[in-house]
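Chain naming follows the written order as A, B, C, D and E, and within any one chain the residues start at number 1.
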Amino acid sequence: MSEATVIEAKNLSLTFQTNDGPVHALQDINLEINKGDFVSFIGPSGCGKTTFLRVMADLETPTAGEITVNGMTAREARKNRAYGYVFQAAGLYPWRTIGGNIKLPLEIMGYSKTEQNERVARVLELVELSGFDRKFPWQLSGGMQQRASIARALAFDADILLMDEPFGALDEIVRDHLNEQLLALWARTEKTIGFVTHSIPEAVYLSTKIVVMSPRPGRIADVIESTLPRERPLDIRDTPEFLDIAHRVRDGLRLGHGDDV
Amino acid sequence: MSEATVIEAKNLSLTFQTNDGPVHALQDINLEINKGDFVSFIGPSGCGKTTFLRVMADLETPTAGEITVNGMTAREARKNRAYGYVFQAAGLYPWRTIGGNIKLPLEIMGYSKTEQNERVARVLELVELSGFDRKFPWQLSGGMQQRASIARALAFDADILLMDEPFGALDEIVRDHLNEQLLALWARTEKTIGFVTHSIPEAVYLSTKIVVMSPRPGRIADVIESTLPRERPLDIRDTPEFLDIAHRVRDGLRLGHGDDV
Amino acid sequence: MTSSPSIISRVTPVLTIIAIIIAVWYAGAVALNAPWAQDKATRAGVTLSFSELVSDTWAQEKPKLPAPHQVAKEIYNTTVMKKITSKRSLIWHGWITLSATLLGFALGTGLGILLAVGIVHSRAMDLSVMPWVIASQTIPILAVAPMIIVVLNAVGISGLLPKAMISMYLSFFPVVVGMVKGLRSPSAMQLDQMRTWSTPKSTVFWKLRLPSAMPYLFTSLKIGMAASLVGAIVGELPTGAVAGLGARLLAGSYYGQTIQIWSALISAAVLAAVLVALIGLIQRITLTRMGMLR
Amino acid sequence: ADDVTLQLKWVTQAQFAGYYVALDKGFYGEEDLNVTIKPGGPDIAPAQVIAGGGADVVLDWMPSALASREKGLDLVNIAQPFKSSGMMLTCRKDAGVASPADFPDKTLGVWFFGNEYPFLSWMSKLGLKTDGSAGGVTVLKQGFNVDPLLQGQAACVSTMTYNEYWQVIDAGLTPDDLQVFKYEEQGVATLEDGMYVMGENLKDDAFKDKMVRFVRASMKGWKYAESNPDEAAMIVLDNDASGAQTEKHQKRMMAEVAKLTAGSNGALDVDAYQRTVDSLLSGGSDPVITKEPVDAWTHEISDLALK
Amino acid sequence: MIWILCGIIFWLAMWAMNLRLSKAKPNKLIGFIIPTIFGLTILVLWECVVRGFEISPVLLPTPTAIAARFGNSIPILWVDFVQTFVKGALSGFILGCGAAFLTAIAVDRSSFLQAGLLPVGNFVAALPIVGMAPILVMWFGFDWQSKAAVVVVMVFFPMLVNTVEGLKASDHMQRDLMKTYGAGYFQALTKLRLPAAMPFIFNGLKICSTLALIGAIVAEFFGSPIKGMGFRISTEVGRLALDMVWAEITVAAIAGSAFYGVIALIEKAVTFWHPSQR
């Protein structure tokens, strides 16, 4: 693991002002993410995972504390196109076909026409949507839309990949397949990945670091460094070591939930 | 279990016409659902689960075959307000608060003001969103929106509850809690429930009947009648009987996937 | 792509409504023109039977409301029966108005979109220009039109352009209002998506804002087109009412020739309806190609 | 050839026949002039056009020209082809108007846009208030046509002897149904359709020379039109770009206009001028002009033109 | 020349100031100051140009002259305002927009009307006001009723088009939800289609608010009692009292902007949920 710090949050807090009082979405978050880390965020619904990811990508401005990305502000990092972001909802543009949606960031970043087509074909293959590139979003099922949006984020080479429950709407088999693909991609490219999930096995299987969050105000309850090797076949999920980590995550979650349920 | 047939599909097929050729979403579906059944639909992404649910609720018209609901056409059943439907995406109305969104079907169905308020409070409690009724949808996290839309479907007394991956965006603990609540509600009210999920344990835990679908064209690969008792504590998930059924479902799924992955 | 229902099922409703309108129109002609017919009769000392009354009200030379066939005959006489180069040909006048309308519409749409783009992208413009754009529309055009024409004339601009300017003045506003709304209609998530790619403003405009604004744009264009035509006609009055449908309207009013007014009016409306329908057609084609019509 | 632009006070019609005849018969060309005639209309104030530099000569009614002069616009009358006024008030007998004594509490249609001055000075001479108060008259701003009279919305409307009066007749009312009051006969006539230029231009000899030739050719046109009214009407018709005028109406108009221009050689009649000024000055509490105008006219041009 | 120079310098200074201000944190005060400065700049520039080029007051009076005339003529301006704005424009606006709204709903409800009325409606509403005005004056008389009628005709089409478009604006899932409730037409209309249509409806109302004023004023050119903003404008142009004309135009601009502003405020309250409001 390389030791360069990519993302660093210091005493980060974020409060939303709403019509009936403030909502403390994040409070006193301190976290360091190193280059090449695969960090999963897990925590009860509404605890601030999305908000934290958005802060990292400079889509939300913290009300206190600070965040640095690659030694610069999140804003500068964004300007340098450091991010690939998969939103919690697919968010495809309805007037573009699936292929067109995936091409969009490539067009923006000035890839050549041939490269665009090549990459679209490649990522569609990756998410098992070959043959759907000329369909419009509303002609796809929910899971297919989600996959298209993952393909869109993978089509270009961002240093940092932020994924907000990307595999939530997928069946186990596709999900396993995509998990493997993602790990392969990560191993190949040394990307830094921030990943929100509700599945404990998924978090343990994928991550080098698991951040367990507790709700209202959103805080970090536990940070678990994975002791699993970087090379991970699917059946690593049956090893005692794996189950051990999973157990620790589950405990952290339960603790966080305690005061709420 | 009562033996009255509630939903009956006979040789049902549905083909979408798109700009680049027809898509066979459903083909030759034959299925009978009895009163009080809890039927889960499981299958790979894009296999036609949503489409089938939509056909049942008369939101889509089959291109061949027929479907009867309570002995009438789906259309008549819809006009009789037989359905509660939870969409795959939350679909809350942005101009209404969470409370207002849940009230919407109650207003339409002519519940009294006091009953409306009572029911809103009750279902918000059920999905653990008490205190959020005056927030607007965009002020909620993804999982919270999903829960609000579940609450909306549970607020009124529909005979048939159709739920399209309602718990996809929720963490394990909330999910378990809602699974229990749903079972309790079902036991209490004798509703007939159609439920789409990607989680095999969830399907097995909840259902009296599990429909495994295979993709393109969407067909029924297997129908598994559950042998579990109606009364189901959470730890039933560790019994051999449970694991047995889960195994059968997984096999059915793999079979269906085979030609595709 | 969109399966078109048979022509007959589309035309029948239109014909039915037109039939109803014509019936109401004939009845209206009787009602409105009857007093004058009676007035004449009393002064001549005769009493009219009902059928005499009806036939009189449908055949007056300067009726309060001319009957449809009178207008139709006038239109026929001034279109088909006249050479199109003749000054008495409605087609010739229609063309003069149409050319100013189209130029004004093009200018107005351009200006409207330009302003909307500025307003959406620059807070300074939003705050400072928008209130004055609104104020500009409260200035009665008929009052300023002559001044504009006089001033433009003084600097040597005459002919088509002054009329087109007035037409532009009326048509740019609906476009600004609609486009500002439309360009701001992308959802927060769609905009965030663009931000994560650090997309330049211009690209956000072309690839997100503009496509989202399409439904608003076409609605605005339809209104803008109708406004352009009104502008072109208004612009024709202070040029000395030399030519064009506006001149016909004015000359008609000046000499109390209601039949001539109505035929110019109907021609103008036909022109507007055709232009608006044309935009509707383009809208259908564009939106279908964009996958936004299902 | 020298360019001259003439701004008319109204749309192309026989009221302006002299100028169209001069153009069509080449009288302007003979004087080495290249004349452009701009038709007017309901929103065109000739005074404003000349102030904006859109014309060299304009046709205007004297009350309006003198009022503009008081506003600081240096308009000077250089010729006056119309000797008498064509204005009148046309009333329906069945509305109960037989003499000016019947005016109180009646509704009268009046043209505004600078054309209201003769009416206002007449009313103030009659001692009738026009602000709608009891015992006065109710004034309507009359549109382009005579509808208010036909429909009984007004007891009287303003008409010109050569134009609107005949529209009333054409509409089916007979002269017997009508009671007309000519401004000439009521002693409140003001001078109409004079030629006006900017005073400062008259300091330029070249301009003056141009105007002399213009007035000479125009008067030749007028005299030709007077003696060949039908031909003149047809020339006007040919020049009407709107294609809306009818031959019958223009011929009749030409005949009536000829009566008004008859007897004028183009030179301003100083007595008539003074009469107009006096009537405008005597407007009671709200006179049209407040002081005796100076240098509002000149014989310089017409004298040279008539030589 | 001095005037022109002063004007340009003032302009540049104000421009710089506005740019600076617009970068500051947005607040109500700035939202008010910026347009004011912009307007002030235009007025000063106007004054300087008129004085600098010695433009005749019968063509374009200076803002100071207009202000003076305005101050001296408040009673007349008020009478005109009531006649034209309150009686003519406002009543016509309410009637016209109301009628268009109801028509839009009828059109939306019945596919027969949709096919039949919409094209014909477009056609009827496209009748140019300049032509309609004399006819409506002929039918409804000289007073404000005919002005209101002109306004009705003028605002009808923009309102109709926007409402019809708005009624189509709800998305598929939202409509499907209504279907699953077996909601009746009227319920779907009030609970879904109308709220979703509001952004379009307000679009229409905003455009119509300015049209209404123009319509009422223009209609007075074709016959009117001797009061009203349009009457005054057309009369005073003929008298070359351009300062009075511009004083009336100022009243029109203020009234129109206020009218528009009120509608925009209501819009903000009603469509707070729409992305364009956030």
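Things to note:
Keep in mind that, in the parts below, a contact is a pair of C-beta atoms (placed from the backbone, for glycine too) under 8 Å apart; a residue touches a chain by one contact, two chains touch by 3 or more.
Per UniProt, the chains are A, B = Sulfonate ABC transporter ATP-binding lipoprotein; C, E = ABC transporter permease.
Nothing here was measured: the structure is a model prediction, and the numbers come from that model.
For the pair chain A and chain E (ABC transporter permease), chains touching both partners: B, C. Between D-E and C-E, more contacting C-beta pairs join the chains of C-E.
When every chain is reduced to the mean of its CA atoms, the largest separation from chain B belongs to D.
In this assembly, the C-alpha centroid of chain A lies 53 Å from the C-alpha centroid of chain C (ABC transporter permease). One simple way to say how far apart two chains are is to compare their mean CA positions; for chain C (ABC transporter permease) and chain E (ABC transporter permease) this gives 17 Å. For this pair, chain A with chain B, the centres built from the Cα atoms lie 28 Å apart.
Residue numbers of chain C (ABC transporter permease) whose C-beta contacts span two or more other chains: 64, 142, 146-147, 150-151, 187-188, 237, 250, 253, 294. Residues of chain D in contact with two or more other chains: 42-43, 45, 48, 52, 143-145, 147, 151. Counting partner chains per residue, chain B shows two or more touched chains at residues 19, 89, 136, 138. On chain A, the positions that touch chain C (ABC transporter permease) within their shared complex are 54, 57-59, 78-81, 83-85, 87, 89, 91, 93-97, 104-105, 107-109, 136, 138, 162. Chain E (ABC transporter permease) makes touch with chain D in their complex at residues 56-59, 134, 137-138, 141-142, 220-226, 231, 234-235, 237-241.
For chain E (ABC transporter permease) in complex with chain B, the residues that touch the partner chain are 173-174, 176-184, 187, 191-192, 195-196, 198, 271-274. In the complex of the two chains, the chain C (ABC transporter permease) residues touching chain E (ABC transporter permease) come out as 9-10, 12-18, 21, 32, 64, 122-124, 127-132, 134-135, 137-144, 146-147, 150-151, 173-174, 177-178, 180-181, 184-188, 215-216, 219, 222-223, 226, 229-230, 233-234, 237, 245-246, 249-250, 253, 258, 261-262, 264-266, 268-270, 272-273, 276-277, 294.
By the touch rule above, chain D contacts chain C (ABC transporter permease) in their complex via residues 8, 11, 38-45, 48-49, 52-54, 143-147, 150-151, 167, 170-172, 174, 177, 240-246, 249.
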